[in-house]
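So, here come the structures, one by one.
Two complexes, one shared chain (subunit A), two partners (subunit B, subunit C).
For the complex of A and B:
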């Protein structure tokens, strides 16, 4: 895949580009220059597209390559054998996918259990150490993660949490809390105070007001934070590696093991599977994160 | 409105209410009694504490001293949901995730009313507000006037004894505002609730209220019927707030039959009205002044000589700016006059609000 910068991921794009390059030198004079400009633009676009889609195309190629070795620029033989291996119900990939998704879901639950009350408190109450608290949730992201996770693993070991789903979920939740708390605080802050007061005024208790007015109105922001936490958990590697191995194998760990073991087909397919939720969520998240919420993040 | 010393408990009885934000005191002991069915307007410029007073009555703001009694029951320590009133907000405060039905029926749902009955009662409220058939509309798809009507419906659906209005009309177009003004007033007459309306719009307060409370810097400056407050302001502040923003300095000397009033170097006028003696400042609205001959002498009026410096025709009559010394006054007259013509500005003493000059009313000069 390297060496030829003009290669496009699709075969048709590849040939079209080659035709253009073949025509360009045959033209002459002004026509040559205007044509040259067009070619340059197309080349620029091609480079851009390659940088974006090249690695992805490589993944796709690897996932369907049954045999591919050094002198050849393209796989020697194609097939879906490895897809079958991955999607075999008894295979490692499916079980680690299940592990990954359940860990991600549990992480979301844990993070929400903290971020909904914490976000509401940060948005509504006049807390004396508000900024310090906000920064506290940022801490797990602020230090070198390996150093932190080695220590976390040591503490968890003494608590009997290493190698358990609970341990991994806790690590992921701590990691995701910065998103969920900050976004939830912004989502609650974006709910107009008068809307709550209007409910209290005509007889709703504080709890009832929270569940019928505040929470539904903050829900889009909270959904966005849940999505971020879910994706973070799905992709998380370092913490899982130090706390979960060897009993808990998530998709990123499987990917790591497969690529370390030279099994690029399995690694590529795993990577593609990991890509699906990210792409899906990125499409929907734009609907949840409104400008009025975004403008309040971190305030 | 109702008799002042009625045997029934007052709808709202506020007794030396104090509110502070941190170390800054916003209300300095406000006392106010509102009879059942009365419509009170609290009028004041921004920052005078009128909204704080309303929010303290509603329970959104904690009082630091004093009492609030609703029908004899002290509510000063009660949370807002226990106080049994309803409020209209300047921002409408409609819940965007609910339909019109959801918004108006919310209070009924809280009170455990059945689904069908909620629908029926909400339909009744919407009919009263000319919103029939909009039950399932999203509130975000309504115009400003419709939104504020829905907010009124939400407040009225729980049949409150007391309705609080926090500048609910100030975000609306002039036309809708005037229309809603009379609708709210008509509904109040029909349903008989007690209303407290906070506004900075003098005309709105005058047209809607039975009684006006003018507030200044966390205190009540004056209370009374619109006519009392308008015609007999008790301080320079109230006078200028009610539109008497022009000032002139006069000298008042007592004599045997009454007083003699003198403006500057001109002749003195005998008068028998009740006025303070000594140097006084007179406050008056543009519309009490009229044009006269520069040397005219009228009983009960002072005439100040000046010249016309500007003339406009806003329709129906001419509007002139008259310069007297270095002061300028606006006056309307039916007739056409040339610029630079010497005229007299005639001010009937009965329409002037006179206060001793030492008062802080100098600020308004």
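For the complex of A and C:
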């Protein structure tokens, strides 16, 4: 007992001493480490930014390169000749752009028309096998789409739907349903139920409550799901590759054909056109997709 | 539990009909085609042929998709963790503005970017050589399995990070502060306090990424042309070159099984969570 009492103060004295001794170099040492840390952070960020934007920079370079071959690190001559080729009003690119945008808009309409009611039902009403139903909407994304599309193309062929806009829109909408239904369900689930109850209490009909309270509050989430579906459709390559050929040429198909044909300039310019909506939506997405909705996705 | 709502079923019916017509019916078609012998009747002969011709590609596909998913998970958790727990304001701000850029870039555009960026004479090798970090002769093309993985990770990390960072932002800060005050390092707070609370979101993000990568046709076709390649390319090849639906559908069934693994993990996690709740 006495031994313990005796050793305790001396032990703490030792640590205090050690601390003091350690403090002397640590003043300059800490500055060194924090400087080193900052340099490391800047380096890390620079590498991250290079890996993020390098591929895009390469794309931009190719779009303005009139001649670029092997030993040269940068294009041999620059010019906008290929931009003129792409943007000729009679060119393939402009008609592909129109086709792509109209298909994407129609796809959003179809997907929202079926997924807003479905999302509301999944979020608010008692449904049997709710988890199984949620999984069912994931399935078109969960199953490797190539295997499905080759059979959709076979079925569509017998119905005369291959090579038509309708056929492509249907394929895109079914593929986008997981985004629209899951995000719509999360958006409806994030709406405060008390607000609906308050509206009902002061005499609003269920339908009026839905259109004046629930739907406006869920709107940002539904807009986000519409954005996802729009981009999913614009981005879609595989389905169009099997169902749309040969009549429906969307931008991704044009890009693929140009790239595989070795025409990197046309491919890069087409890719840049496809990038515009992507970057725009990337900038605004957080305004629509709030954290409270995101945390409910898939539940 | 109250009785199921008939109205609810009515509301969900159009969406279900769409899935039925455009997904379940073709799915049945593909299963029938894969398991039916030319003369009719059940047979596994198409699987024999698929395995004989494409067993390397099956393993290759598994390897690519699993590696990409793991890398995506690690990078997303790291970035979302820095965004949530970072104590260097300028770093967090810069990262927040940077990481999302590839989010909505179409796969086919990503493929075209990487096709030029990762080439032997692409911008990446040129930059490294230009900075004097590598001899020109050491430059190699990454346009093979590495290119596919890089493209997939580049494209999927922002998506998973966006979901994760959103979920982490809506967490109760008090627990995180308490952990920090008790002396836990940021890494430990991330792994032991934050991650368990957002594991559902992480899982959903990774499952969606896994199956997305398994379904992409453009990236393996454009980034890595030669053998071995992914199952999606093999299926397209069987159809376009031979009109051989039976073998293509057998390959399709094999890729269903692979994505079935991901769905099974998701389901098991959900069931466990509902049992715990």
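Here is the rule we use: the second predicted complex is superposed on the first by the 252 of 299 C-alpha atoms of A that agree within 3 Å, B and C clash if a C-alpha of one lies under 4 Å from a C-alpha of the other, contacts with A are read in each partner's own complex, and residues count from 1 in each chain.
Assume a residue touches a chain if its C-beta (ideal position, glycine included) is under 8 Å from a C-beta of that chain, and two chains touch if they have at least 3 such contacts.
These figures come from a predicted structure and were not determined experimentally.
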Here subunit A is shared; do subunit B and subunit C fit on it together or clash?
fit
Under the stated touch criterion, name the partner, subunit B or subunit C, that contacts more residues in subunit A.
C
Could you say whether A:139 touches subunit B, subunit C, both of them, or neither, answering first, second, both or neither?
second
Applying the document's definition of touch, where does A:201 land relative to subunit B and subunit C: first, second, both, or neither?
first
Just subunit B (first), just subunit C (second), both, or neither: which does A:192 touch?
first
For the combined overlay, can you note the least CA distance between subunit B and subunit C, rounded to whole Å?
6
Shared contact residues on subunit A for subunit B and subunit C?
none
Which bits of subunit C are touching subunit A when the two form their complex?
1-5, 7-9, 11-12, 14-16, 18-19, 22-23, 25-27, 29-30, 33, 88, 91, 94-95, 98-118, 121-124, 126-127, 129-130, 154, 162-163, 166-167, 169-170, 200-201, 204, 207-208, 211-212, 214-218, 221-222, 231-232, 235-236, 239, 245, 248-249, 251-253, 255-256, 258-259, 262-263, 266-267, 270, 274
Touching residues on subunit B, where the partner in the complex is subunit A:
58-60, 79-81, 84-87, 89, 91, 93-97, 106-107, 110-111, 151, 154-155, 158, 160
Listed in rising order, subunit A residues that touch subunit B in their complex are 192, 194-195, 197-206, 208, 212-213, 216-217
Help me check something: in the complex, which residues belonging to subunit A touch subunit C?
41, 45, 48-59, 61-62, 70, 73-74, 113-115, 117-118, 120-122, 124-128, 131, 133, 135-152, 154-155, 170-171, 173-174, 177-178, 181, 231, 234-235, 237-238, 241-242, 252, 255-256, 259-260, 264, 267-268, 271, 274-275, 277-279, 281-282, 285, 289-292, 294-295, 297-299
